[in-house]
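Scrolling down, you'll hit the structures one after another.
Same chain, two partners: chain A is paired with chain B first, then with chain C.
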Partner chain A sequence: MTTVFQQLINGLSLGSIYALLALGYTMVYGIIKLINFAHGDIYMLGAFWGYYTINFWHFNFIFALLSAMVVCAAAGVVIEYFAYRPLRHAPRITALITAIGVSYFLENGMSYLYGADTRNFPQVIKQVNYDLWGVRVSNIQILILVTACLLMVLLQLIIKKTKMGRAMRAVSVDPDAAELVGININRTISFTFALGSSMAGAAGVLIGLYYNSIDPLMGMTPGIKAFVAAVVGGIGSVPGASLGGFLIGLLETAVQSLGFSAYKDAAVYLVLIIILLVLPAGIFGKNVKEKV
Partner chain B sequence: MVMLEVKDLAVNYGVINAVKGVSFNIHEGEIVSLIGANGAGKTTILKTISGLLKPVAGAITYEGNEIQKQKAPKIVAAGISQVPEGRHIFPGMSVRENLQMGAFLQNNRSEIESSFETVYSRFPVLKERINQDAATLSGGEQQMLAMGRALMSKPKLLLLDEPSMGLAPIFINEIFDIVKTIKEQGTTVLLIEQNAKKALSIADRGYVLASGQVKMTGTGQELLANKDVQKAYLGG
Partner chain C sequence: MKANLKYNICWLILMVAGFYLMNALILVGVIDSFLENMVVTIGINIILAVGLNLVIGFAGQFSLGHAGFMAVGAYATSIMISKTPTAGVFYLSIIVGVIIAIIAALIVGIPTLRLRGDYLAIATMGAAEIIRIIINNMKMTNGPSGMFNIPQFATWPVVYIMVCVTTIIVVNFIHSRGGRAALAVREDEIAADSMGINVFKWKLAAFVIGAATAAVAGSMQASYVQTIAPNNFNIMESIAILIIVVLGGVGSITGSFVAATILGIVDAALQSFGALRMVIYALVLILIMIFKPSGIMGAKELSFKRLFNPKSRKAGAKS
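Let's look at the complex of A and B:
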């Protein structure tokens, strides 16, 4: 029983990272129908920003986290402006391939500029383990879970209650009608990239703290898994992305604890295949009917 | 006073020359109706006025300023609001949120509240459905919501694209009555309709379009009485 709870805690911490990442995929897909394959690399940028600012500028955790979010938001906006905006009316496959190109550009650009080696993320918060009825919980895990949940609630409030949030929803369901009520489409898309990328930046700092090692290619696998999480939850759905993230995190730790560590990635993709077969629109996805 | 002047407007829709040199004008306080068959270029003209499409030639002058190069949000801000064909309400948002979107460019809270009151008094059914998902409304109610949303920006000129399309006859009469009231309360209306008889009966003036050009013009009554118009658009 304690093992189950132990894995539950581990799974939730990891899952909250995937959830933060999946939000970016789902929001960007919702608004411009693009699967932004460079999203995982924004998370890598966030981790590196945390690494440098903590090591060289001696930022504390909160400051590193917030500044990483701001920097990643800016990076997301710049990428959208230069790479995706010119292709707004191009076929979707063109933008998709461009996203893969941007991903390679960021991964190899970082390797070229700063070296491809793995480095230790500075332990800006000293790890303390608590023993709760036999279940080992670290303060880092609690911090990750709490930060991720706070960010998700904040995001939900922005989307539901603010003017920009309403604009995002309006553009994602009907861009022409949105423009006719006076919404600036480009600005709304930039805002969406900023929000999604800031979540990825936060996830990057949190994962650095959790796994303690970062490298320029660190965004690839979590990026794809977060994409799977977004699809499982129903791409385009914000609550779906959060749920999908937690599910993938739990699944991965469960597979690991059953002794199949080598197959944990395979298990995630297996779930993707099953979901696509059984629930093609994902858990919260809507089956979009063509209306005449 | 001429409020909107469209001069030699030409617009391409993809590779098709949808509008080929159309000129017309709208005076303040009028209902002007553009009638014509499917593919005559009516919707293209409306989309060009509201800034969704850019013309290849010609000019659109609104209150003395050329607006044909401006983007849609600027045109809404200037006081032109469009109710698109097929209503295009925002599904997944409540009736209230949909209306709120219509006031997107307004920042004054009390002004927005007063717009809400005006819209609710004109469309009482919307007030009853305030928290309902807009997608669950009937066709007629969705049309009212789309009109209410457009009125939330307090437009001086309202562009209506096929407001009666796909509606039950009882709703069609109601919608046309509402259009008349909107005009009486001081908003100028440009009305596009396939239901030419209804449209001309409430219009001050009308223009008959065919294959991207103006074929005929006159007051609503004149066009209704015209033999050619009757034959082509009023079912003989």
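Let's look at the complex of A and C:
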């Protein structure tokens, strides 16, 4: 029983990272129908920003996290402005290839400028392990879980309660109609990228603290997993992305603890395919009926 | 048959001429082993891109799992010819690879081809990753370290002939009744359905043919490069093939040829740049997409029919 709870805790911490990343995918997809392949690399940028600021400018954790969010938001807006905005009306597959190009650019640019080797993330918070009825919980796990949940609630508030959030929802339903009622589409899309990228930046700093190692290609696999999480939860849906992230994280740790760690990715994709076959639009996705 | 005889002969002459040109250049010494390697890589990429273009460009099904089927062909060939290294077994292994890839494509395609657009892309990507992970954990395939010292039977003439054969099969499929049905499905699934086209059947047919050509390319790659590992067939490989298709123009076989050639040359030319190579490659990719969103060729094809009858209003067709 304790192992189950232990894996539950591990799965939730990993899942909250996936959830934070999946939020960025789902918001961007919801608003411009683009699979933003470069999102995983924004997360890498966040981790590297955390690494440099903590190591060389001696930032504390909170400040590193907040500054990484700001920097990543700026990076997301810049990428959107230069790479995706010119392709707003191009075929969607073109925008997808551009996103892949941006992803290659960020990965290899970072490798070229700073070297491709793995670095140790500075332990800015000393790890303390608590023993709760036989279940070992570290303060970093709690920190990840609390930060992730806090950010998700904040995001939900922004989307549901603010004027910009209402504009975001309007643009994702119908961009033309939204423009007609006076919503500035470009600014709304930039804002969406900023929000999503800041979540990815936070996830980058948190994963650095949790796994203690970062490298320029670290964003690739979690990026794809997080996208899978967003699809499982129903792409375009914010609660769906959080749920999908936690589900994927829990599934991965469960498969791993059962001794099939070589097959953990296969299990994730298998569950993805099964969920898509049963619920073609994901768990929370709206199934839009096609009319003739 | 007779109506197109003139054009078919032109294509035949072009293929034979290409073969002898290549042969002559190698004899004279213009093409050294480095260039030959480049040409063969381009050839393999053409096979892959033409197959994927059939699925994405003509049937309109967004598949991101091409590398999985390529892995099936590659491993079928390397396992068989490592055991019995004869040319006969090599050709047999291509057929075996194609058959296994077709079975795999049916298993993957029958459930997933009901999905649309990006959902299909992510499902096929997952399926390809499952294939790769299974290969990664099998004893027969030597696990993650892969296989090496595979006998080399796929010399450049073999690859050249395979490029011609797979292209002819794909182009003939596109111009057949089934191909027109697949085009109709791409344009509007519901309209095609209401016209009595079995939408699912033709989607699946295109998907299976694409998978079979990918297996052929995998066989060529395994036997030419002589080493393979499961990581050669990950998502990045599927994406690399997708890049060729989109860069050339979705729905243009000629475009796939042009893009594979250009990317092959760019890749070879950038070898000396070291770490900067991929940065330049990424920038080139982004810039081409921004300034030519429909790809190099758009949906246009090279057609002898149009070359001979420039005035004819009827859209010329390849072959």
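Here, the second predicted complex is superposed on the first by the 289 of 292 C-alpha atoms of A that agree within 3 Å, B and C clash if a C-alpha of one lies under 4 Å from a C-alpha of the other, contacts with A are read in each partner's own complex, and residues count from 1 in each chain.
Rule of thumb we're sticking to: a residue touches a chain if its C-beta (ideal position, glycine included) is under 8 Å from a C-beta of that chain, and two chains touch if they have at least 3 such contacts.
Only a predicted model underlies this, so the values are computations on that prediction, with no experimental measurement involved.
Peer 1: Consider chain A as the common anchor and indicate whether chain B and chain C clash or fit when overlaid.
Peer 2: Chain B/chain C on chain A - fit side by side.
Peer 1: After the superposition, just quote the angle formed at chain A by chain B and chain C, using C-alpha centres and rounding to the nearest 10°.
Peer 2: Taking chain A as the apex, chain B and chain C sit 90 degrees apart.
Peer 1: Would you check which partner chain A:Ala90 touches, where first means chain B only, second means chain C only, and both and neither mean what they say?
Peer 2: second
Peer 1: On chain A, which partner's contacts cover more residues, chain B's or chain C's?
Peer 2: C
Peer 1: Per the contact definition in the header, classify A:Asp265: touching chain B only (first), chain C only (second), both, or neither.
Peer 2: Second partner only, chain C.
Peer 1: Should A:Val231 be classified as contacting the first partner (chain B), the second (chain C), both, or neither?
Peer 2: second
Peer 1: Answer with first, second, both or neither: which of chain B and chain C does A:Asn184 touch in the superposed model?
Peer 2: Touch partner of A:Asn184: chain B, not chain C.
Peer 1: Using only CA atoms and the superposition described at the top, report the least gap between chain B and chain C in Å.
Peer 2: 17
Peer 1: So which bits of chain A does chain B touch that chain C touches too?
Peer 2: Comparing the two interfaces on chain A, one with chain B and one with chain C, no residues are shared.
Peer 1: In the complex, go through chain A and note every residue touching chain C.
Peer 2: Checking each residue of chain A against chain C gives 29, 33, 35, 83, 86-87, 90-91, 93-98, 100-102, 104-105, 107-109, 111-112, 116, 220, 224, 227-228, 231, 235, 262-263, 265-266, 268-270, 272-273, 276-277, 280-281, 290, 292.
Peer 1: Would you mind writing out the residues of chain C in touch with chain A in their complex?
Peer 2: 56, 62, 111-112, 114-116, 118-119, 121-123, 125-127, 129-130, 133-134, 136-137, 190-191, 194, 235-236, 239, 242-243, 246-247, 250, 275-276, 278-279, 281-283, 285-286, 289-290, 293-295
Peer 1: Flag every residue of chain B that touches chain A in the complex, lowest number first.
Peer 2: 50-52, 71-73, 76-77, 81-82, 84, 88-93, 97, 100-102, 104-105, 149-150, 153
Peer 1: Across the complex, what residues on chain A touch chain B?
Peer 2: 163, 166-167, 169-170, 173-174, 176-184
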